[in-house]
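The two complexes that follow have chain A in common; it is paired with chain B in the first and with chain C in the second.
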Partner chain A sequence: MLFLQYLTAGVVTGCFLILATIGFSLTRQVEGFLNIAHAELLGIGAFATWWLNASQGWHILIAGPAAVVFTALIGLGIARTIYDPIRSRGPAVLLITSTGVAFVIGGVIDALVGTGIRTLDIGLATSYKPFGIRITDYQILVVALAAAVSVSLALFLNRTRIGLAIRARAVNPELAASRGVDVATTSRVTWLLSSGLAGLAGVMLAVIATLTTDLPFAQILQILAVAILAGLGSLYTVIASGLIIGIAMDVSVYWIPAGYRPLVAFSIVIIVLLFRSEGLAGRRAA
Partner chain B sequence: MNWPQLLITVATIGSIFGVVTLALNLQYARGGMINFGIVAYFAVGAYTYAIITQPPPKGLDQYAFGLDWPWWAGFLLAGIAALGFAALTGWPTLRLRGEYLALTTFAFAEVFHSFLLNERRIGNGTVGLSNVHRPFGDWGPIEEKYVFAGAAALLLIVTLAAFRQLLASPYGRALDAIRDDEVAAQSSGKPSADMRRQVFLISAVPVGLAGAVYAMFTTLAQPSLFTAEVTFVVWIALVLGGERSVYGAMLGAFGLVFFEEVVRALPFETVRSAQIAASVEHIITGVLFIAVLRYQPFDRIQRKVRAST
Partner chain C sequence: MESTPTKRGTKMKPTTPRWLRLVAAMLALAVIAAACGNDDDGDGPAAPAEQAAPEATAAAPEATDGATAPEPTEAPDASEGGEPVDEPADRGEVTIGVLVPLTGELGEFGKIVADAIEFGVGEINVAGGTVCGDIRTVVADTGGDPETGIREATNMIESEGAIAILGPTSGIMVALVDLAKREEVVIMSPYAGTITLNELGGDFVYRTVSSDLGDGAASGLWLSTRGYGSVAFMVQNEESTISPAEVARTEVEEAGIDITDFVVYNPGQPSYQAELTSVLASDPDAIFLAGGQESGVTLIKEAVAGGFDGEWLFTADLAVPEIFDAVGAELINDKAFVEFADADPSLPEFISFEERYPGAGAPFAPNSFDMVTLVALSLEASGQCDGAGINSVIRGVSDGGTPVSTFAEGRDALASGDDINYEGASGPLVFDPSGTVSGAYTIQQAQNGEWVNVEFYPASTFVE
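And now, the complex of A and B:
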């Protein structure tokens, strides 16, 4: 029974990781680099929610979406002013630059918010005990949101014109451009979408976690673990690897101390990379 | 502000981080390898030194080994341990290139960090090892801190000389050829994968030695000293100084350490203002990082210098 409890916790962690990683993975595929600052965007979402909710007294249902929109706009702004001008220097320079961006955002959040634990002005979680397994309503919310986001993103990327354009650009930018895909628009939509998703994950972080200013940066490790495991794959491999990492981390607590959770996550990553150097998705067809 | 003390600290820590930056410069600018887990090799050096030189465990100590050997044994073994760790981590990861390598090295560093945190038998877990053996006392009239700064600077100079020697040799030219055009180098018989692995191993040695000196200087080997932030700081130093230039990399390390030490030495009235200063330090570091990568001022200066001679 205890095992099932850990398994449930793992599914919730996995769903949170899916929310946190989908945006990261989208930028990785469309813009072609690893945006280390993605985790700090989670921080912007989380602390914007906290500020609107706890200091300004907005209801969480208004504060949350407002924080998501705010994060999306900040993300787009950063991309347009910082990443776009150095696009031609290649993914390594962009990766290192995004580390600088992470420092700046982290520093700004630290300066504005300060140390200590921040809590939202929302009700305490209510626990349910179906089949003897304890789960709170906020945990259910995370799972539901992850499912809703995955489905709507899949529909968006597969059914809408702009979604298809984004995918075309991810597979082959030159070909897409020569076939009349509007590169500037797809890029902006991608940034809005991925930053907005980071914001949403940030709101969830504020709801379920003990919020401190060093929390966002801690997320990048897990996001990276999920993203490497997923490789350059589709949305579906991100979902699969999010669940794998989440469940593995939480179920491992059944046998070994909880402090080893990151070690478990990265050990999986290293083992997968040893056998499939392109991640779970395997090599992308040319 | 106590300037002499500040400068001596900058000289010592700057030299230590300068060594790490040089190694990173060799890996990145010559070998084309992005090592985002450099802190792990540094930590291996520091912990090896601490474990070799510390007395056997007693009382509340949770660590399992303490050999109580002399400092030079610990120092040398720190380099060897870093080499071994590089061999261990390089074997699976070096098949990967570019950002995949960056991520796996990062992952290795995180695994190692979490291992140090949780496995108390290595180094007391989160508490770490304190009172690490300091080999140099005062040398006659010269105070210990000066001796120390001298030793750190000596390590930097030796590393620099060794790397320059290596890069000036035919071996170094082969490395440059591989970096510039791997296919062409391969077709003229340069074993690019082997050479890249060799560079990775060679450059880990000074990092381990620097780790040992760092442990002597702080007299601590603690997981909180060896976080991913160290990796980022060294990368920033490298980028600040222009990643193609050896001297630039060193200057970047000294500049960054100087900046950090000045911020740390500023007197503050309240905890809050000290905290804001720390955040501002982060912000400025980040902005420098972004600006230097974008405008590449040092590369431009170097090109101008070259064009005029």
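And now, the complex of A and C:
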């Protein structure tokens, strides 16, 4: 039973990692670079939620969606003003620039939010014990949102015209452009989606965690681990990677000290890359 | 690196609409202004000092006039390291760096320390200043980052001429040890309990608080005498929390109490459910939580939501009123206790300090006041206006001789040719070979949404 409890915790951790990483991977596939500032977009979502909920008195069900929209718009604004003008310089310059953007966003959040800890004005989680396994309503919400986001994104990318255009651009941008795919529109939609997803992860971070200005960026290593493990494949591998790393980290606590959780995550990444250098997805696919 | 994106951001493709370029430029300027504003809060060495230290300037309007600085009261005693007085450049002031975390998780503690130091500086300057002139402070924010701490400390020493740096936290104190010894600048902390300083401290490196091992002993004593049958330990994965937790564990084990779990966890996680799984399954009578505010609040909430109904003992990071809002006072009232190094409230020196300074009750405020008073008295005793002078006599001014509790008393006693024994607001300040004082500890209980003293362990409790 204790093992199943660790497994449950791992599934929840994995679902949070899916929420935090899926937008990062979308950017990576479509825009072609690792957007390190993605973790700070989580921070924008989290602190926007905190400000609206705890300071302005908005209900979390209103504050959360508003924070998602706000983060999506900020992400689009950053992309249009900072990344677009230097897109031709290549992924290395974009990656380094995104690191700088992360520092700027972090500094602005520091200046606006200040010191100390921040929590939402929401109730304590309620625990349930189905089949003797303890799980809280907030944990169930994380799992449900991860599932809903995964299904919705899959439907969007496979069933809508703009989604198909995004996939086409991810596979071969030059060919997609030559076949009439509107590069500018797909880019904007991608940024809105990925930033909005970061905002959603930020909302859940605010719901389940205690916020400090350092906390969002602290998630970047695990986001990178999931994204690297997933490789440049379809978003389904991101879901698999998130669950693998989340479950491995939390179940490992059953046998080894909890302080080694990050070691477990990156050990898995290293082992997989040794045998499958392009990650779980193998060769690039849409 | 920070300037790269904004510089690039202003160079846009021709296809970008003009209005968007304008908006982008304004956004970039706003971002730069905000970032610079943040830096001014702490990273800049000179400007923030003037902003953060108005009291010192106001208290000593004549500080820059060399004529108002007191003459050396008497030739220093050779036995106290006396050498010819170094004439400062303008003969009007001596600079002390205040290197604290004003942002980040420990920002609230940093402000307490900076404010108490400024209060001490104000008292010293109002009393006429030191033999080296009035004290001027330069304040910088470390954000809790050792790299920033080293950079700011170097600026303070090389650009501002600081002869002592007060207020670094544990990690930054350790990072500054080599710099302090190389530049012969005294560094002193009111809250750096790290046991690493037990080995590295003692020469140019001091602290007016006891080692973390003392916190562990006090925590262990509390847990052992509370009547628990079982205790679980949740310990943040840092040396400053693991070391005292190990000491407490030994004490609890020796008391015959069952330790159900000793979980060392990493901070910065959204959730700690995996770490709590075994602890909640064991259902101990109490949980000893040695962690920071971010991890601590999440752990407390998740444990209570998971059905834990026992008592808690927290370490000093959680000894702040904000915990009640963050956790929910109803969850911890009457069940939670917190342990931290504290001044002895029965000491006349503390009572006097409390009467003079409204913030005296804040954690580490007396220890911070003591730091700057010790430095000023050391300048008086040595007659040397540099770190080497302070280092040569600092042990002497706080051990043996005529008891004094303020700068003015100490200066007058030194002028009369007496040896002095500075009795601090935080308690006796006798430095051991590692530059550490022995400490007293308070246990507070959560009652009706505030921390209330329930036990006090004087320093003598832990003397073997």
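Note that the second predicted complex is superposed on the first by the 284 of 286 C-alpha atoms of A that agree within 3 Å, B and C clash if a C-alpha of one lies under 4 Å from a C-alpha of the other, contacts with A are read in each partner's own complex, and residues count from 1 in each chain.
In this text, contacts are C-beta pairs under 8 Å (C-beta built on N, C-alpha and C of every residue); 3 or more make two chains touch, one makes a residue touch a chain.
Note that the coordinates shown come from a computational prediction; the quantities given were computed from them, not determined experimentally.
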Combined model on chain A: chain C and chain B, fit or clash: clash
First (chain B), second (chain C), both or neither touched by A:V108: both
Partner chain in contact with A:F47 - chain B first, chain C second, else both or neither: neither
Between chain B and chain C, more extensive residue contact with chain A: C
First (chain B), second (chain C), both or neither touched by A:G100: both
Partner chain in contact with A:P257 - chain B first, chain C second, else both or neither: both
First, second, both or neither for A:V269, with chain B first and chain C second: first
Chain B versus chain C as contact partner of A:F70, first or second or both or neither: neither
Which of chain B and chain C A:W191 touches, first, second, both or neither: neither
First, second, both or neither for A:A209, with chain B first and chain C second: second
Which of chain B and chain C A:F24 touches, first, second, both or neither: neither
Stretch in clash, chain B with chain C, out of 60-68, 96-104 or 258-266: 258-266
Overlap of the chain B and chain C footprints on chain A, listed as residue numbers: 82, 85-86, 96-97, 99-101, 103-104, 107-108, 110-111, 114-115, 257, 259, 262
Chain C - residues contacting chain A, complex: 1-6, 8-9, 11-13, 16, 20, 23-24, 27-28, 31, 34-35, 37-39, 41, 102-108, 110-111, 143, 237, 263-266, 268-271, 273-275, 277-278, 280-281, 293-298, 301-302, 304-307, 322, 325-326, 328, 331
Complex contacts: residues of chain A adjacent to chain C: 2, 5-6, 9-10, 12-13, 16, 77, 80-82, 84-86, 96-101, 103-104, 107-108, 110-112, 114-119, 124-127, 134, 136, 139, 204-205, 208-215, 218-219, 249-250, 253, 257-259, 261-262
Residue ranges of chain B in contact with chain A within the complex: 34, 92-93, 95-96, 98-100, 102-104, 106-108, 110-111, 114-115, 117-118, 228, 232, 235-236, 239, 272, 275-276, 278-283, 285-290, 293-294
Complex contacts: residues of chain A adjacent to chain B: 33-34, 82, 85-86, 89, 91-93, 95-97, 99-108, 110-111, 114-115, 221, 224-225, 228, 257, 259-260, 262-263, 266-267, 269-270, 273-274, 277-278
